[in-house]
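Heads up, the next two complexes both have chain A, just with different partners, chain B and then chain C.
The block that comes next holds the complex of A and B.
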């Protein structure tokens, strides 16, 4: 278990961050090169003003018609994404690791709050799962990969929660937590989790077309 | 199956699809799909498909989905699943049966109205994906018969309705004479070089709605506009090729239109109350020809009436006294932002405007646009049943007192006529110009 821990926090962690950052940059670059090669006109229609107008509306809960139509989903989605980002970045246990390895540290969340936020992420994953299974319009367009990416996202939080509370087999769950976190990082650029990378661009492009050409709102 | 097709005449509803599909082979389908995907699409399609998280949030944007009791096959993403996802997943190895289904879905169950683009949190342009499907269908020769016929008409006559060379000026002169009974010195100036405005219409106007040309002539004359209409090709601003995915033909049509305006040295093109033509002239055709924006300013009728009324060139004698409700056409509202100007005009010419809900950018589509009504009688009920939600929306406006439904778009007009008739909504239908002509001060 100890050697595995060393492997997971050593070479595999390096590899995971490398693939995550490198892969994301690669996906971004290939998208931009493809635009340049085949749809150059997109650049000419992009507008900073309308890109941000659109992005701002969509990253504010209830600022768009569709968010208002789905209040529960909106609350869950925003809570989920906020917790998904903040919890791993500001978890004390993670910052301690950064401090030990690199002597860098920053503000951390109180553990009890981080605990709650973890539950929010896991709960939201359960909500998404139920939504996927029970809503016909979601079920109809669901494929196996949708469940897999849901699992990929939930796993680090579930295992982290178990490990933090030292339930069951602590060393095992700690390792599983690290492994699943690394899997998630690696998966982001190469699965539909890549909406993290691409959605600002698709949103910005639609915002630009609606704002500058169509003179209409897109929310 | 191909055996059977050879032995007897295909008996499908739509000869364009049936006959077209009967000569398809696996290699041909695969080749065309690969060719379109590899050579004609790029980052947009790829990023849209990779980014879509399959959340289904676009569903409620679509009138077909809402009208079919939330049947997921009619949701925007559901239609993408049944067409583009499958083509991508199988790398183009799909059957002729699949292509027939894709032709029906992309041509008759999606109006390319882009309402879903406003409901997708990522702003994925599903209408664009459907256009790519139509492009594939076009290159496979499986386009529905009626709309393909209009595209043929464009190709041969440069207008949508097989209006012959002499019929066009003849119609204009006929309307000029008619209007001279009312205003003796009225002219419809043909080919007047250096006029301020070239007025262009869609071919159905001379074909069977010539009174709209009459009304436009009266409005132009009373407002003292320095205007002209071309006597030859280039007068038709409509464009079904844009909807069949025949981009090359779309380019020819739009080039002819712009070049006619350029030859006449006009400052602007003013167009009648048509939505799809606005989309073509203002947004699509220009891009195909390499213009970021139209080479000559395009003014839709709504915008033009707004200008005439606001500047006092047209004065209102007595406002239209029946309460009206306004249908916002997708191409000029979601596609051109003319909703507030339309309301200004309506309020100026009508006593009372009763809003339907939703409205403005969020208005439900008419289910006729995007080439759907042009796919002809075989699909009339597809769009009528596919827009029950519109009837409900209209009934609600009627309950609040609306008597007349105003819609400044030809496709919307014809589509809503069918909706109003089928569901017995009991609203009268008018273009803005019908009312404007009626209520304006005339000499």
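The block that comes next holds the complex of A and C.
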């Protein structure tokens, strides 16, 4: 287990971050080049003002018609994304490791709070799963990869929760936790999880088109 | 006279035996974490004597060290002091914080020796260790 832990926290961690950052930059660059080649005119009406106006509306719960139409989904989605980002970034154990490896450190969440935020993420994943299975209009646009993505996102949180509480086989679950986190990082640029990179751009584009061209709201 | 001597010796030996036995019951089994204002983790397991015997550490100052002008003094040790007597909770310019000191000391050796625990929960064990 220790050799595996060394491998996972050493070379594989480097590889995962390399693919995550490199892959994200690559996807961004190819996207911009493609737009430049095929639809250059988009740049003529891209506007900071309308871009940020749109982004601003969409990152506030219930600030758009779409958010208002689906109140439960909205609450779950916001809670999910907030916990999804804050928990790993401000988890004490992660900060201890950053500190030991790079001598950098920042503010951390109390473990008990991080524990609850983990449950929010896992709970939201269960909600999304049930929604996919039970709502015909959602099932219609669902493919197998959507389930795989849900699994990729839920796995680091489920295994991390089990490892933190030291249930079952602790070293095994800690290693599974690290491995699943690395799989998630690698998956971000190359799956639909890439909306993490692209959503500000699509939102900015929509905002600009609606604001500057159609003179309408896109929220 | 001889008989009495033997009896006395037996009693003495028994007393020493029980003293040692009683003493070893109070032996350190974990590193006290009460110095930390709000400990987040269970105190780390550390059976002082058994650990150092199994790990074959002969020098006390492998851990209980003394520094002068940034240089470790090879023939001095500080086992009469707590780590927290010198290492503050917060990081200072020239010294690791208390948590960093423990982790660098314990994990650092385990890592370089490729023996002993390096995962959080192997030291901060929920089912045992102190409180």
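Here, the second predicted complex is superposed on the first by the 219 of 219 C-alpha atoms of A that agree within 3 Å, B and C clash if a C-alpha of one lies under 4 Å from a C-alpha of the other, contacts with A are read in each partner's own complex, and residues count from 1 in each chain.
Convention: a residue touches a chain if its C-beta (ideal position, glycine included) is under 8 Å from a C-beta of that chain, and two chains touch if they have at least 3 such contacts.
Because the structure is predicted, anything quoted here is derived from the model rather than measured.
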{"item": "Which superposed partner A:101 touches (first chain B, second chain C, both, neither)", "value": "neither"}
{"item": "Touched partner set for A:15, first chain B, second chain C, both or neither", "value": "neither"}
{"item": "Which of chain B and chain C A:192 touches, first, second, both or neither", "value": "first"}
{"item": "First, second, both or neither for A:60, with chain B first and chain C second", "value": "neither"}
{"item": "Partner chain in contact with A:93 - chain B first, chain C second, else both or neither", "value": "second"}
{"item": "First, second, both or neither for A:29, with chain B first and chain C second", "value": "neither"}
{"item": "Which of chain B and chain C A:170 touches, first, second, both or neither", "value": "second"}
{"item": "Partner chain(s) touched by A:69 [first = chain B, second = chain C, both, neither]", "value": "first"}
{"item": "Chain C-contacting residues of chain A that also contact chain B", "value": "none"}
{"item": "Partner chain B, residues of chain A touching it in the complex", "value": "31-32, 34-35, 37-39, 41-42, 44-45, 54, 58, 64-66, 69-70, 73, 135-143, 146, 192, 194-195, 198-199, 201-207, 209-210, 213-219"}
{"item": "Chain A-touching residues of chain C, taken from the complex the two chains share", "value": "38, 40-41, 99-100, 103-104, 107, 114, 118-122, 125-127"}
{"item": "Touch list for chain B against partner chain A, complex", "value": "41-44, 46-48, 50-57, 59-61, 65, 70-73, 75, 77-78, 81, 117-119, 121-125, 283, 287, 292, 333-339, 361-362"}
{"item": "Chain C partner contacts - residues on chain A that touch it in the complex", "value": "2, 5, 92-93, 96, 99-100, 110-111, 163-166, 170-171, 174"}
